[in-house]
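Each of the two complexes below includes subunit A, the first together with subunit B, the second together with subunit C.
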Partner chain A sequence: MARKAAIIAAGQTYHKSKRRDVNIVELIHEAVKACLEDAQMGPKDIDAVLIGNMEHFEGVYNPDLWAVDATGALMKHALKITTGGTTGASVAHAGYYHVASGLFDCVLCIGWEKQSDGDTTAGLIFQSDPLFERSNMAGAIGTFALAASEYMDRFGISEEQAAKVAVKNRGNAVNNPYAHLRRPVTVQDVLTSPPLAHPIKLLDMCPTSDGACAIIVASEEVARKKSPNKPAWFKALATRHDQPFNSDLPLLINMRTLQSAAKEAYKQAGITNPRKQFDVAEFYEPCTFAELSWYEALGFCELGGGGKLIDSGVTEMTGELPVNPSGGVISTNCIGATAMIRVAEAALQVMGKAGARQVDGVKTALATGFGGSFWTEITILEGN
Partner chain B sequence: MSNRVAIVGTFQSGCEREKRGRHITELVYETVSGLMKKLGMEMSQVDNIVSCSQDFLDGRTISNRTIPEAEGAYLKSEAKLAGDGSQAVFYGMIRILSGKYQNCLVLAHAKMSEGSQNVIANAMFDPIYQRALGLDEIIAAALQARAYMTRYKITPEQTAEAAAKALTSAARNKNVFRGKKISAKQVLASKMLSSPIHELEAFMPADGACALMLASEQQAFKWTKSPVWIAGAGSAIEQYYLGDRDLSSAAALKEAAKRAYKMAGIRHPEKEIDLVELSNYFSFQELMYPEALGLCAPGKGAALLASGKTMADGKLPVNPSGGVLGGNPLCVSGLTRVIEAADQINGEAGNIQVKKPVKIALAQGSYGPAGQSQCVLVLSGDAKVKAKVNSPVRKKGKK
Partner chain C sequence: MGEQEKTGVELLDISSPANFPYDYSCGKIGSFFFKALRDQQKFYGRKCSECGKVYIPPRPVCGPCYAPTNEWVEVGPQGVLECFTVVHFSFLDPMTGKKRPVPYGYGLIKLDRADSRIQHFLSESDASRLKVGMRMEAVFNEEREGKLSDIKWFKPVE
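Here is the complex of A and B:
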């Protein structure tokens, strides 16, 4: 059928490391309620509910079943889609496919995680092969430490340059009432923060947050007639998965999946000069070094030029192409929701509803999702 | 742009109680390469992939990270549907209808022998009110069986007949391991798991994988002379807390069927459908589910079975494969139903092929306690199947 589809509403929870005031379904409901209110819709307006998280983080098997009351999925078409860190974007993309297929008009997409109910790193370790990688390259910190070391060595990227990413994103988070960490930091703070695994220090790395995010993807008819918000149209999307062993790829951090997905999505959206054509970008940057490297993978600068790009201020709020006005993943990371927050924040920018973190005159926005063994989901949204 | 989607190839690598010699990755490789060989297709010709598995069953966070090399997902779009395999087919169809893809590899895998199934199933119940009660899938099903049997005065002998039919049919099915010629009396003599469910009336954890290929209308005939079209699809989910539900009927299945029938233009399912493959995780479901599917009146499932109409040589064969009781793992079971139904339409079901011609077949999958989430697919071998997609959910009056 290939119909147009747009994001017409978004809602998210307030994020904290421990949301002790709510249980899992209440947390999910908080985002769903905010999203429905943003759309001025009720559960009866929704055709389908798609949801995802990472189940080992909370230790609840099939939590989508428990969440039925919170999501309003009762007697509706409901699917659970989980792909690791990319989950939130996979669910958002599934929302696009559902509407574009012509079978559904109004799809509620939800990503969530309540990491304080479990132990994230314990859960994350179980993604790695028990024979070859679980004992040495499991979890995010060690993997990124190795990838970042290689990146620094190859292109002369400094720890100061990486620290500038944290300074920028944590500074932006001050403008985002939903962000988890809203205290600005300095380069010195980052460099002197406790080392986790060289060269990654505490303030280079994303936190663990409790939170949820929901968006509504709607058909052109619903978007034009019923939406109180300016629709953010899906212009392009692309997904790339990859081989499962992180240690097998050279220059891992530069992500061949991101490069490959960008190529497809840029072609589809007619992007030839990303730095000029995108007005804003939301990255799923698990650590500071990743954001620098992904400037390169996404064609914002040449290979190895990520350090210079952050030095130049291009990606600051006041720069040519602001990256992560929301504060990014370094400020908020509720894993199953994280990739969807990128899409939702990009949508809010297109809608002109990003409040104090709004970039002026956004027409085209880019969102990336990261997960699995360096997998990618890219979304390009566009205004009317 | 495709207005309809077809199943163009299927492959089962066979389920066993325990595939001790196979890693999950090997299991999936065997299945996917089997399908590719059958289709004469190269991995580079596969547009995108929907896999179905569960982190909890595999003991692996991001369970689809175990299999990218086996499913050929390098630098491809893959998504994991963490539910039932029938839903993965539905989602694969949606992805093709979106216009972005021309085909979709759909696969499901599980290796349940590596985990403790009642401990895993217990984690499905909320940690606050229900988990401490020790509930698992079998106990939830027992509560449902009791509610259904009490309401319609169904006897243990009648549910045992359903198990005997399933296991006896499964004896002819080379892809399952639990089949044997058996009587209802023998079923009743098996161990009581949770009253009224006996061991031979409950699904058995298993290891296995299966796969099928979906293709758009434009591409379908490139891969097969006889595509099986997905004429209708519908799914629905009901309440979570067992006490909130009327367990004596399958409301979500009824709704899912209604949507699938609407999309397929089916008005009289009992007359128009030639064959049914349903997910009988428990014997009583083979009585209860045909009622929800509109194949007989509420409470008449046992009479339908007793009439012989649902036997392999009957007018409306139900589960000539034996169904899930024959030995399929979770996730894989729903996809297996779709594969069996498609194979019956194409006359490719081998030993278990029914004699009557099959044009329209129904496949049903479910997951969750007492079948909370349900999915129904209506398949058609008729090339003239409606070319236009009708939404399974859109309300009347809406365009």
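Here is the complex of A and C:
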């Protein structure tokens, strides 16, 4: 039987395109230090350290080794986890499994990426199939452009409806001191921004950021006795992987990994009406169109209804179910940290520590991760 | 020269423009597929022994059935454009070490008689001339080496 586990602390760096004031180890240390301070703990309180990023983006391998002094992993159980964009959520889930198993009581989980040290589009091409995909694919932007063309054609989703996602999330980022892009944008700004890959324009797409995030996952005993924060309990989690090629996948059409993971996690958590039962959601939305299609896969609306849902304002800060109060991935994207930031932001909402981006009275929060070939990690957190 | 930031410290970067080549094995199935492209200008998909799904790219195992594929089925060279884009942003191509020329069109094409799609370049780099659902056909290069780039691109069927 799995033990209860909770997130008891979170820390993140300030994010920007180029954090040239720090190297990789210093960047990681910044998030770890913030997290340990939030927990009022030191390395002696931690019994395992888990870390993840996309190593080939920077060309620096085994960060678990290089960063050992900065993570506090010296003479401890430590593990590196890399699953693509989902990495940060995979690390958080591994933290849960470590604690839920009964083998560890207090696990430090770290996600990071220093994209400015390398070239992410080249890195993403390099992780696609060398025989069949590398010669023509164009990183995440190209893949989402293909997906968006099919999604728009199938359901009549408009570029204006997608633009409203950027307007909402970039507007929310103004309230998040850690967000990379904190300037609000209008629908017109998005529609007239430079084309990246039809139909994706600059402001439809996430930025590339340098940054790191850390959380502490603790057992019930540690959470109740030592945590200075209100614990954010893991209520349910689920992971799904898919077939290897973009050409195998339904892409954004009712994304099957997300739908399947949601079905399992909702069953575990007793969620039958996600729009009513979740108080807030943090999505891993690499582009505007993705957020719309994932409203559908997550059951916030019917299949093909993502455009109408954003039109209705339900997912605004003032709506029934705010999505991405942090500003989301469209405002901050430090890949190996991105999916962990979703979990950390959901935890902050449950703890009531999200500052100006706090949604009132959050009891239950949803976080999603995206990566690999349309892979999913779903996390549902709840308060006491 | 490093720039001065708030710290007052001159910040430096160390560059590493390494040349680090790789050679990828095609395996038995990939070799059959690429030789057919090179020598016959034909596409072959691989059929699942249980569900009968015909896979492009060809592979040894059908994931959903977890059963071997055991038959080659000729597919294409025409098919349907199921999604597309025209890439405008410039980026480093890790296959060449140079910027990939833009704009270029690429898409996912469901070849006739195949059940999955192939990702490749399109002849058009003007999005207004492309439409989901268009019939497309493969155009092969004169000189072929046994790799995916033996197909120049897919063009709309006249």
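In this section, the second predicted complex is superposed on the first by the 378 of 384 C-alpha atoms of A that agree within 3 Å, B and C clash if a C-alpha of one lies under 4 Å from a C-alpha of the other, contacts with A are read in each partner's own complex, and residues count from 1 in each chain.
Assume contacts are C-beta pairs under 8 Å (C-beta built on N, C-alpha and C of every residue); 3 or more make two chains touch, one makes a residue touch a chain.
Owing to the predicted nature of the structure, the values given are computational and were not obtained by experimental measurement.
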Checklist entry - Should the superposition on subunit A be reported as showing a clash between subunit B and subunit C, or a fit? => result fit
Next on the checklist: Contact-wise, after the overlay, does A:Gln243 reach subunit B, subunit C, both or neither (first, second, both, neither)?
Outcome noted: both
Checklist entry - Which holds for A:Phe126: it touches subunit B only (first), subunit C only (second), both, or neither? => result both
Checklist entry - Of the two partner chains, subunit B (first) and subunit C (second), which one does A:Glu150 touch, if any: first, second, both, or neither? => result second
Next on the checklist: Looking at A:Gly59 after the superposition, I want to know if it touches subunit B, subunit C, both of them or none. Which is it: first, second, both, neither?
Outcome noted: both
Checklist entry - Can A:Asp21 be said to touch subunit B (first), subunit C (second), both, or neither? => result second
Checklist entry - Just subunit B (first), just subunit C (second), both, or neither: which does A:Gly355 touch? => result neither
Next on the checklist: Between subunit C and subunit B, which one touches more residues of subunit A when both complexes sit on the common chain A?
Outcome noted: B
Item to check | subunit B and subunit C, minimum CA distance [Å, superposed model] | outcome: 5
Checklist entry - Which residues form the common part of the subunit A surface touched by subunit B and by subunit C? => result 59, 123, 125-126, 129, 243
Item to check | Residue ranges of subunit A in contact with subunit B within the complex | outcome: 1-2, 23, 25, 47-48, 52, 54-57, 59-62, 64-69, 73-84, 90, 93-94, 96-98, 100-105, 123-127, 129, 221, 237-244, 256-257, 260, 371-373
Checklist entry - So in the complex, which bits of subunit A are touching subunit C? => result 20-21, 59, 119, 121-123, 125-126, 129-139, 141-142, 145-147, 149-150, 153, 194-200, 243, 245-248, 251
Next on the checklist: Touching residues of subunit C toward subunit A in the complex: what are they?
Outcome noted: 3, 5-7, 11, 13, 16, 22, 24, 26, 30, 34, 56-57, 63, 82-89, 91-95, 100, 104, 106-108, 116-121, 127, 132-133, 147-149
Item to check | Contact footprint of subunit A on subunit B as seen in their complex | outcome: 1, 3, 48, 54-56, 59-62, 64-69, 73-83, 87, 90-91, 93-95, 97-100, 120-121, 123-124, 126-128, 234-240, 251-252, 255, 259, 367-369, 372-373, 389, 391-394, 398-399
